[in-house]
């Protein structure tokens, strides 16, 4: 029942929000309901052992053998938690941002949250697809209505990309559905599919599904929507997109791709990894040359996600562990970055690095918090990202399924260095040095923003120093996923030439 | 209503029965049918002729006296009287030895009536002091050319009672008694 | 029953019959022109043509001679082939109708039964309709080919009039067909033989007076007779669709009209008035050679037909011409509903009767 | 049978009502009430209550599939009447005649959905077509309407000619017109195949499948918008039902022979419909091309021809009709049909814009709307055949393309500023739209509501 | 060659020739007249097949009603001049070739049809008679027959809607 | 008469009709060509009907009605054609009233 609540709270709250009149009421309602969701999420995560509360199943479309089936496993728990944590932070961090038609804005935000919750919880392929799209539509409206000047075209590109991806995924899911022995959309039937289809079909299906997830993450050739969208979207939506929504892609790989089509994943892992690595390098190099804060953060996000993707396809238990924890970390960190970017933009009216400087003199609190978060983003030890990335590198390096593991490690490591370059460069230019005309009268951040960033910083250090509870949430999952490939050796030679 | 013969037309709307028109049509049919059996008014003209009234004005004729002499003296009164200006004439003096031809010293050497113009009003007859011209009961002349309708004296002159009394009588017709 | 069951005598016989009937139609048409003038004269208290021959009986020949020797003018701007085709079609369609009419009882020549019907097909009435519906073409093509506005207008008028009235005509006959249960002309005539008053009471006109009435009006319209002679309304359209025609081509049109009149008279007699049935007497009991009986019947049919021809002429000199809209209103809004009602009532009566 | 006869009677009634009733609202009320009556009658038919017992000699068969579709069609027309019938007044002076023609078309649809004899199919298609030619040309002074009508007529008659040739050849091969007796052997003769291909062509023509679609945009664009709404939705879907019945019952055994052809036609239709729609400047014309595109999706059902396909086609027809009728009902109210005309609609008419957005989302096949479930069933059916997976992938790619042009309207309404044309929108109109949108979402979440009625 | 065969060939050649003339005539009126001739030759074929009813109905409906309407409209529009300029000769040639190809394909396909050996009954057989067809029409086919009345009603309404001048 | 002859005759007529539809530009003539197509179908149907009838007789059934459905179908085609013509010509006339042409090449107002 708790799992249902997680979806239901934001869904209903979102719908109600549409009918609220004043902006303040809507804002408060959104914060309140997101906090409520957070509370439920925390209860769910901490309720270890009592799994029955975390699953729910109801008949939905009997004719199709699809049911409303949700369950919270380790992976889901962590991501739900991320989802639940992210929204209060976002609302707090952008407490002072003004929106026209705020009721609609917050309503759509909450609907997005509901959709993403559903994605993380669904145990039925059709239901998963439903929520996948449900998360997308409100995001589309958010970006198109409240975004920057080029929002319409850019958001549309984003939408079309993701929609094509999800439709291809639908075809893949349907195909799998047709070949499940019991004609069911249930995830268990899906996990059993590999015995019923040929290797060739697996290849097809792998790419159908992978494209959807790759677009969402995004992976190198499918990433072109991302920087534009992040730039044009209203920052709070960007936070949702980059903090939580991209995790849907990685999540999809972990839950719906690798265990379902292990042979193809194994066979095509190298290809995908290469794509991801190229994407990482490419994004990092571009990020160095970026002048726009938002685009910079956006490209850095591509690099980080690429790393996760490589790790996922290296199929290594330690790596998986790292990916899972890093999903959470990255979500938290990047939201923090966005909050600061948003604050800067709101205060100074620009996002150009070249037009800023010396903010630290006037706004020390912001500077400190931001620097912490930025360092976390480049995975300095003691920060949360270090834990995740360390595990991931270990995983890649030790990967048994690829012979390029050294290459991947080296190239990915290079990206981390590049990340340090551009992040520190940005910090130096924006926060230190002399003030410029725009930043001469800068004022420090308010309570709400401090609160939001403070929570993030706390989380950064908590996980960075004592990450055991978070590993505990998801420890069995990584092994399951890894084993789903590694134990299926008998199907592998089918594809591998 | 001047003539008292006008009849007010009844403009009241037709009754349903009348609106069918059929009775009216049938009535009409029988009216025409009744005519089918009526005596025909046609006169088969050349064979039969209608009897004319006494004052019928036909084609002019130039008269002769009992002795067959032309009566016309070319006085021109008829030409003057003619409203249609259809009559032309030229007078000439009677030469000795022509007395059996012309009654007076003067006679019409040329006498023409353009029958295309003549309106058969009879003024010439009225005007003639010598009873030389009168309108006969002949009608319906025919000719192939317009020229032929300009009647010369030869065409107009009545047959000579001496030489052809029968024809003369026929030409005089009922008028004989009157004049 | 098969249309193409042919042997040599059959062909000969039919050829003769066709020739005979065409000749008859021609002669009748010729004298119909004479009759028309005569009737017109009588109705107008005149005596009509009386110069050519006794009582003017040679008048049609004189007219024909005149038409033959008149100069043949084909307008320059006309479409020549169609200009010639027009009167031809009019004539052909007029003559074709007679093919299914049972002119009389069969003759017996050299022990061979010779039917006096060119083709006894089982869809005789439909055939008549088919041919009648073609009659429009003569008018239309002629009027159009003349390349003259008046002719064209008349042709269009004629066509629409004929099409409109054909409907009511067909509907009026359906009730009759319900009675007879056959479309075969010979069967329809047989149906009307015998019975009281020498077969008089079995004439269909007594069962279908309304049907006959409608049929009669439509026949008038189909023949372009007054009051439906709009296609050739002299004072509106000069002379109608055959305005540009002269000589024998005009003659064909005029002939066709009179043949149509005659044939429609024959059709009406056949369908409604017992065909070759002689009323008041039961000729079947007469003890004379059947050939005589056939000839008598034939005469009877001609008499009836001539009577209708007379009625046509009679109407012509009684009733003024319709206006165009009146014509259409009469056809579509009066006759067709009437014919439908007639049909439904007949059907009901038959239904009740049969029960 | 209930609906067929009642619909004919109602058509005649509407015909006479033009003479007897001068008030337009009265005619409208009669029409709507009549449609309601038809709906009830048809549902009663489904429940086994038949008003008329007529022996059709096996030429028609009112199975649940046909009856359920008829219910959908009647319901859609009812909605259409409620939403748009007032706008028919603008077309021309023959208000009740339009209603009567629509009733007659409904007769045709009922025939086409329930035929068992090719004769009935032919008659049904003609009864659909002839009134449609008229409705297309109803705006007599409008040259575009005239032109559309003439074009539609000539091409429609031409395709009827092809169809008849097909029927004749099939008759030559089998000596029967009864669809269930047509194919008895798996190995058909040349006559049969040729006839079937001709039938396939002509049916593709009627449902505007490429490459026989070229009349569609012109006709839909030229026709008075009210009637475009009708013929692009209910009529088209009705013919589809006929299509699927024909190829299921008559040529089901010959599936290997025609399946690849249908697949090619489907692909071409999807491609042309979607790609061309992208470049349109007028929403009306875009909807015309979108109808071709949607036809492509429905063709997947013909291609797949299994029980999922038939089920899905019903759902698709409902989805497509409801959404398109809704969009058209708003479009009719506008004076300008360009995309820009929708600018800023969301500010001025938030409810209308919101419902319109739902309709468009449904057409685009976004989850939570019935449009998604419809597309889902189609894809499912196509995948279930297990062959030609490329077709399915192509279809979803094209579906993604379709998002482009549907969302252009949404963008215009929500994200662009502008002064939309003044519209006269009554509250009842709005509420009907809301109900319609609710229905679309409801069916999108619980498609079983509709499909539970469906079993063979 | 029997008389039937002679008739068959004569009517076929007539039908084809006049059909070709329909397509090639410049003047629409001539086209109409050739089409009428085609219909007549087809009616002749019906008689040959002893389908008397259809033969006559063909004449009445097609030649007597439909073509009159065509002629009527053409005359009303005064289309006697050929109003088709010879601009798109290539389209015409393409159309001709397309049609010819279709003909070739169909003939080639149907040449080997399974019923090639079968024979059509000419001159005899009762089914084409009105008695038979009528009985069929009003028993088995009574439902379609009644349904076709809907067609006519709609055509009637349509003629009013479209045709009436307002 | 072998049925092939009839098939070829009908197909030839049908194709002539199609060629007419494709090549001519006068709407009325196009329409006439469509009627020609209908007639070709009619002829074919009658021929088939007689063929099936003969086949049934040869197979032994005496007073069979096999084949009459083909002729009935022809009857219906004629019925439909009549209705279609009335509507079609009305449309053409309506068009002509507005455009004063029946050339289908003028039908390009909707192409933009």
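Note that the chains are named A, B, C, D, E and F in the order they appear, and that numbering of residues resets to 1 at the start of each chain.
The criterion applied here is as follows: contacts are C-beta pairs under 8 Å (C-beta built on N, C-alpha and C of every residue); 3 or more make two chains touch, one makes a residue touch a chain.
Not measured: the values here are computed from a predicted model.
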Smallest number of contact steps required from chain C to reach chain D: 2
Partner chains that chain D and chain E have in common: F
Chain separated most widely from chain F, comparing mean CA positions: B
Pair joined by the larger number of C-beta contacts - B-C, A-D: A-D
Label of the chain whose CA centroid is most distant from the centroid of chain C: A
Chain nearest the overall C-alpha centroid of the shown protein atoms: D
Rounded Å distance, chain B centre to chain D centre (Cα mean): 91
Inter-centroid spacing, chain F versus chain D (mean Cα positions, whole Å): 27
Geometric centre distance via CA averages, chain F-chain C, whole Å: 33
Numbers and ranges of chain E residues touching at least 2 other chains: 4, 50, 53, 57, 65, 69, 76, 106, 110, 113, 115, 140-141, 144, 148, 151, 154-155, 158, 162
Chain D: positions in contact with at least two other chains: 119, 123, 126, 130, 133-134, 137, 140, 149, 169, 172
Of all residues in chain C, the ones touching two or more other chains: none
Pairs of chains, among all present, that meet the touch criterion: A-D, B-C, C-E, D-E, D-F, E-F
Of all residues in chain D, those that touch chain E in their complex: 8, 11-12, 15, 54-57, 59-60, 92-94, 97-98, 100-101, 104-105, 107-108, 111, 117, 119-120, 123, 126-127, 130-131, 133-134, 137-138, 140, 149, 169, 172-173, 189-191, 193-194
Chain B-touching residues of chain C, taken from the complex the two chains share: 39, 41-47, 50, 314-315, 317-319
Residue ranges of chain F in contact with chain E within the complex: 1-9, 11-20, 22-26, 28-29, 31-33, 35-36, 39, 42-43, 46-47, 49-51, 53-55, 57, 65-69, 71-72, 74-76, 78-87, 89-94, 96-97, 101-103, 105
Sites on chain D touched by chain F in the complex: 119, 122-123, 126, 130, 133-134, 137, 140-141, 143-144, 146-151, 153-154, 157-158, 160-161, 164-165, 167-169, 171-172, 175-177, 217-218, 221-222
Chain A contact footprint on chain D (complex, rising order): 311, 361, 365-368, 372, 376, 379-380, 383-384, 386, 389, 392-393, 396-397, 399-400, 403-404, 407, 411, 414-416, 446-448, 451
